[in-house]
């Protein structure tokens, strides 16, 4: 039942997301010893105004 | 203080969300032995291009 | 595919968790218009030293 | 490596988010004994139709 | 800055987690077009009494 | 209603957590324009074997 939540900046294409889901699922299946059917991947995207690193908004960097 | 986070595909109506919040809160109150006032429910919606199952994007299924 | 994450203080019995999973799933099924099979519930428990409300640790209240 | 996720209602300005990231990071650095460089802050915003409190949608209150 | 959170049942060895972190990071790097240095992976484990599927506790299945 | 979730390595003292909750709440109150009463802080701790950075387990670094 592994559930994978990925938070990242918005802007990736559907093709990138498709490849991401395929490869991340494969990585989980190989290492967690489970079938692909039980793996769920959720992608959450955020604008650069909603991410902070080292005390600064990403949109200001 | 139970905090309930629900991730689901976008597309439900406000009426569905209203009923969901009411019934999920009731379920928590009955089983966690707390008052409704301390229960918070957050609904997060995603497009079908941001959900993967069995290594495939939901938008491709 | 609704995924429900519940954060709460530790201390509930397995019987309470069993009832919680059953009733919360039922609440989701009735309002999200889906089957029980696609509903996942994750319960996360924390000690009172890891929860803050109004700027105070719960263990100090 | 502290990762801080903040869920709140939408509507804050970029200036508010900028100040939030700066001050929250400072609070973590002072108390977790780490450098600002390792602190990540993610802000997630939701509409009032996606938040429930005491069994009621925030948009109905 | 992708942040990957993996929720799964407890019981995997450190070797499995080491391989999981390596392969999941590789999958993100290849598809999100970023360097490994910016990828963080958090593994959260839960007992079978804290997971529900189809309205039933995993520990009862 | 801001809800703040902090993921960090285990090992901080209760005094550090107490200060963290107080200061983070203050930072949110000042910048989100809300009262302390509506701010919830959840601290989640993990062992170094459950954190990966740049493809490596923290426990190996």
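As written, the chain order gives the labels A, B, C, D, E and F, with residue 1 at the start of each chain.
Going forward, a contact is a pair of C-beta atoms (placed from the backbone, for glycine too) under 8 Å apart; a residue touches a chain by one contact, two chains touch by 3 or more.
Quick caveat: nothing in here was measured; it's all calculated off a predicted structure.
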Determine the shortest chain-contact distance, in steps, between subunit A and subunit E.
-> 1
A-D or D-F: which has the larger count of contacting C-beta pairs?
-> D-F
So, what's the distance in Å between the C-alpha centres of subunit F and subunit B?
-> 24
How many angstrom lie between the CA centroids of subunit A and subunit F, rounded to a whole number?
-> 21
In whole angstrom, the CA-centroid distance of subunit B from subunit C equals 11
Of all residues in subunit C, the ones touching two or more other chains | 1, 3, 7, 17, 20, 24, 26, 40, 42, 44, 51, 53
Of all possible chain pairs, which ones touch?
-> A-B, A-C, A-D, A-E, B-C, B-D, B-F, C-E, C-F, D-E, D-F, E-F
Using the touch definition up top, name the residues of subunit B that touch subunit F in the complex.
-> 1, 3, 40, 42
As the complex stands, subunit D meets subunit B at residues 7, 44, 46, 49-57, 59-60
For the subunit B and subunit C complex, residues of the former touching the latter | 1-9, 12, 16-17, 19-20, 23-24, 26-28, 30-33, 51, 53, 58
Residues on subunit B engaged by subunit D in the complex (per definition of touch) | 14, 17-18, 20-22, 24-26, 29, 36-37, 39-45
